[in-house]
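Structures given as structure tokens follow.
Both complexes shown next keep chain A, but they swap its partner, so chain B is in the first and chain C is in the second.
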Partner chain A sequence: MNKILAIENKRYIYLFPLFVILFLLSGIGNLFVGAIDISVPDFFKIITGTISDQAPESYILLKIRIPRIIASLIGGGFLAVSGLLMQVCFRNPIVGPYILGISSGATLTVGIVMLSSFSLGFAGISPYMTVFASFAGALGVMIIIVTVASRMKSVISLLLIGIMMGYIAGAITNILIAFANKEKIKGFILWGNGSFSGFSWNEIQILLIIGFIILFIIYLLSKPLNAFLLGEDYAQSMGVNIRFFRLLVITLACAMASLVTAFAGPIGFVGMAVPHMSRILFKTQDNRILIPACIVLGGIIGSICDLIARTAFAPAELPLSSITAIFGAPIIISLLIRRRYKL
Partner chain B sequence: MKRGTCIVFVFLFILSVTSCKKNSFESMGTFTVNRHEGYTEVGDGIGRRFILVPREKEIPANIGNAIVIRTPVNRVIAYSTCDISFLIGFGILEEVLVGVTVDKSRWSNEFIKESLDSGKIVFIGDSSMINYELMKKVQPDVVFTWDSGIIPVLDELKIPTLITNPELAMGLEAQIKYVKFIAPFFHKAKEAELFCDKFMKTAEEIKAKADTAKERPRVIWGDVYNKRVLVEPRNAWVSELVRLSGGIYELDDVEGASCLEITLERFFLAGKKADIMFTYRSPRTGINTKRQLSIENPVMGQIRPMTEGDIYFPKDIYYESYHKLDDIMMEIASILQPEIFGEPEYKYFLKLK
Partner chain C sequence: MINSETNSNVIDINHLTVGYGIREVLSDIQANVTRGQFVSILGPNGVGKTTFLRTLSRHLKKIRGNIELNEKNIDDFSQKELAKELAVVLTTGVNTELFTGFEFAAMGRYPHTDFIGRLNESDKQMVMDILNLVHAENLAHRPMNEMSDGERQKLFIARALCQEPEIILLDEPTAHLDLKHKMEIMHILRNSCREKNITIIASMHDIDLAARVSDQVALVKDGKIIAWGLPEEVLTGENVRELYEMDRIGYDRTLATIEIKYQADELYHTGKVFCIAGSGSASILFRSLVKAGYIVSTGVLHDNEIDYHVASSLDLKIACAPAYEKITFNMINECEDLIKEADFVIDSGFIARDLNIANIELINFAVNSGKKVYSLRNPDELKNFGLESGGIIPISCDYELLKAINGKNNKVICKV
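Up next, the complex of A and B:
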């Protein structure tokens, strides 16, 4: 086991600090760029309250920009960890956090709220209802998957059931769209593009508290996850209760992805690609290294993509999922070619 | 001297005759109209060529791959309420409109409502779920749509289909002239000219009067959604109209082909300076009050039109009144400069309370 999982070299010793610095720099760099450029002295004046919190630059920095930066750093990291868990659990390199229909489930319930709320008697949709609906949808799909997972032995069957769940949710969403008022579809499509825009401090708190509790549990599982990598038989021989363990991993991965999707909408690519980037860069399969690596790299990718989305054609905002794919796919391809990484 | 004058006159006469025989080409945004002897060539919103030939005339040779439509068109299916409003303006709605994609509950026009009940006009399904069998049964001469996705199916059904999305006619002048694109299908070129002249005259009148304005209100125009905002770019006709009416369009750095998403930061900055906001969010889309808008997007609660200024939204009739563009322009001007243009009548817009 040690041979396979061995950290071939101790590159993580210098890579980690380097990526942590990059993580912080990408966040800090984001602070000063936007509709108004905030200088370093002004930044400190705003933080210390020397500039009134009623001033536009204070509102922009404290209420719009900083929550967005934190959301992109944490959200990117959480999606990457969720993807890593899925890839380990299904021993499949092309799965990501949304493969089990989590995104489709969230999209369906948000669609129900956004596209039919008026006819159900709601004059306007509270933004919290969208968040709640998204989380409920993702959770609903997750519960179905977990229930099925507890009865199924084959991971491939489980994967297929997850994909089918996604198709069903997607199909119902399309029917909803067909019957919806055209004016309402616009808001729904915007939500579906995914974005870290408009995060509030309350949402950041929820993201941080729940996310880090889940993350802590995931990190505790990194050793059995390593055993799982070598096959279910091996893991079983190491004392891992396979059925329970698989259930737990899926639950945690789904919860992590649901949490981000609830607030930011579906954001593709990060969850699928960042675990590969981490493996290639850190040259290891060891989940004790990969979990923190995914958080840091996912955060970097998330915040850089968000920066591009809001500044590349400023003041126009680009769809985040498009940026994550356009920006991330070439990185993966080049890493694969240069490092001869085997999936 | 007399001889010289004669030569000049003869020269001018020949010039005018030859120029009359020349093709009369006009463009309005991406739409084009090119009048030839005996037929008219039009280009729709995505540049497809159509040859409009009067029923009694022969189809000209060498028209290439252009699609021939016999005019005047007698049976039309139209997606856009804007296109339909021009049929009202031409006074031919009752005769030519045979199908729509907007159901009865969303129409203000009484004739259309009654005709949908009686079956004179057929609801052929929502734009995302068109009943093609019904469409074929209705036997339209032409379909005006903004959805290019249906073209392959309708080509198969041999129904000429034009992309007529008026949003593609960016800019005030293109929007004013858009009626000239619709007109040749119904032999209403003269009426369209009259519309254009009227619209243009109103625009000039607004500009002349607004130039005397002492104060220039700052305006933003857009859609507000949960965590996101879409705004009209500086090159949209409404933004041009704001400037023409003596207002300052606060989002003059935004350029695009239609209403587009901008960052919350930029919207907040513009909103902080704005006096007036126009939004497409209305009771029709579940927004009845300013408070509901600020619940939908907390940044809205911080902008001036919300706290000190005014927010206006278009009434349903606005979407069916493009043939009264002069009236609409005047109402917008009245909202921006009531001292110059008088208090608005609120025929097309309402204030959000």
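Up next, the complex of A and C:
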């Protein structure tokens, strides 16, 4: 029996604790770095209530920094899981939430709200308005993709439809930009770069509760997801109901991405790059391991990128998508060049 | 192992028509398959073998008719129930580069494991046993991106076996494989039929291999199955020629081999040879001479010997004698006429005994009619037969002969 056990890939036994520690460290590191220094003793004073809620340090830590850290850890993880599901389902290595048009859909609806005269009736744009618009846009694209998915035979055509949707949404957004006034455009472009800032505790709650419900369902699907690696024909021959399963996976992946995009705006590369990083580090394609791995690695990448974005040129904040791209693209390129791992 | 179930039909196919929507590819298929049999589906590319298999595995909707597995309509199985009855080995690529051999084979346990696919000890033991069965125990630790096509194919079969099915459908299981793996795969499949009583249906291209492993063969052509039965019955030279519409192919039922007829014609050839042959001494020579472009005739051969089977599947001109009968004067005359036409004559060094001793006379005749005679016979033996070396060129073995004649006689002779 020992001989058989030895065959199984057990890297995750030491890799998971390691990455969970890194995950926590990247979160804790974020706590103490920022425009206003908060020392470790101060931290405990704030937590225990020794420093009053009204003090600026206390406000910054509890109302700004901690929600932001949680958002970046969870958001990065969720985007990575969404990307993983899409890569498995479409059997395509370059798929991610960004490419399927979900982000573009969100950008379009937010653009309509922020740029068009539609918003004139409001005195300024409430942050909830953009969240709502963004979710509606992502959901709209998702519903179209899922509807088409139930009729499509080929996953490749489905992928192309997603990409086309992205183009259409992008084109309309550009038209809106052409007619909008300059001040609005700046706000819109900042939103379009994505950011984990400005999360309220309510939003964090929504993100956590809905996100983990979806995540739980996704984990239950890891067995058929593994069968999908052999292609739809083999999966079917092993007892998977292909049409239903494909629909379910796309729905869940889109929901996960929509959730994050609604609150944080479009964030690129995490969804596409982190699943590949997980496969390489854990040397496995077993989705039962990759799903938690994507959560942890996605969280690490998300919070580190967020840290860089807000501290590198502080007080100016860098666009988050730029940071993830600057990190993500070289990873993909080096993977392709080394070629040990076939994308 | 022999019980009442052993010989029951595992698949019944009734008036089955398969195809895509309104385009019928194969119509009105009628067949049944007994448990534990190996069935080969033969036919040219694009004739519908894969379509047929995909319909049996329910990847493709049938157009009409009925398929029953163990007397139950295939449409009444749930996807999971079907997975326990039927496994497939396809030609499509898989995206499992980082899987080890063990992990990949273990995917076959899918219909038997719990909802997140955990393997228990007996599952693991079974996967290892099956890897041993397919001679892939050395692949258990290795990732699939480091494996050859043959090694991967073994794992595909191991995966199918791990599913514990009653039936395995394989689409061209030996395509792209080297000889070693081809033979190994066929051996593994044949063993699975015997030891595990699994029924195998495989589309194949190697007729000679199919004849050797199959219990049943089906020949597919022109939108239907033109024959389904024992290979011994169905695989005749004529059926094979018709199946592939190839006049240049000679299939010999006795040897179950394919020969290529190069059809050296009267206008374009390297020379005419008469080969005095017998008892298998000239089979290799025939093939080589035909390949080199010679028009070969031979005699006198008894119609039960191997030289005769090879010569006839190569379409040689043969002066032939009925089995176990003495060679008659007429036959010798026929050979003498052929010798006169030949550019040179080969004595294959056949064993000459009572029934074919007359063939020795032909050597003499050839020498006397001034033909160049190459002999693969031991010079002492020639002396014993009273044939002195005058005019006879002794050659030690068949390939030496080929070197000798190719050196001197490689010009194309054109008769106008």
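We adopt the following convention: the second predicted complex is superposed on the first by the 322 of 343 C-alpha atoms of A that agree within 3 Å, B and C clash if a C-alpha of one lies under 4 Å from a C-alpha of the other, contacts with A are read in each partner's own complex, and residues count from 1 in each chain.
Convention: a residue touches a chain if its C-beta (ideal position, glycine included) is under 8 Å from a C-beta of that chain, and two chains touch if they have at least 3 such contacts.
Note that the structure is a prediction, hence the values are computed from the model and not measured.
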Return fit or clash for chain B versus chain C, each positioned on chain A through the superposition. fit
Just chain B (first), just chain C (second), both, or neither: which does A:F179 touch? first
Touching partner for A:A227 - first (chain B), second (chain C), both, neither: second
What is the value, to the nearest 10 degrees, of the angle subtended at the Cα centroid of chain A by the Cα centroids of chain B and chain C? 130
By the touch definition at the top of the document, which applies to A:T130: first (chain B), second (chain C), both, or neither? first
After the superposition on A, what does A:S116 contact: first (chain B), second (chain C), both or neither? neither
A:S322 in the overlay: touching chain B, chain C, both, or neither? Say first, second, both or neither. neither
So in the superposed three-chain picture, is A:T284 touching just chain B, just chain C, both, or none of them (first/second/both/neither)? second
With both complexes overlaid on chain A, does A:Y59 touch chain B (first), chain C (second), both or neither? first
Pick one for A:R91: touches chain B only (first), chain C only (second), both, or neither. second
State whether A:S237 touches chain B only (first), chain C only (second), both chains, or neither. second
If you've got the overlay open, could you tell me the nearest Cα approach between chain B and chain C in whole angstrom? 41
Interface residues, chain B side, partner chain A - complex: 126-129, 223, 225-228, 230, 251, 253-254, 256, 260-266, 268-269, 272, 280, 283-288, 292, 295-299, 302
What residues on chain A touch chain B, complex-wise? 34-36, 56, 59-60, 63-65, 117-118, 122-127, 130, 177-179, 181-184, 186-187, 190-191, 195, 197-200, 310, 314-317
Which of the residues in chain A come into contact with chain C in the complex? 1, 3-5, 7-9, 91, 219-220, 222-223, 226-227, 229-231, 233-234, 236-241, 279, 283-286, 288, 341-342
If you look only at chain C, which of its residues touch chain A in the complex? 57-59, 79-80, 82-84, 86-88, 90, 92-100, 102-103, 107-108, 110-111, 113, 115-117, 121, 124-125, 128, 140-141, 143, 145, 163
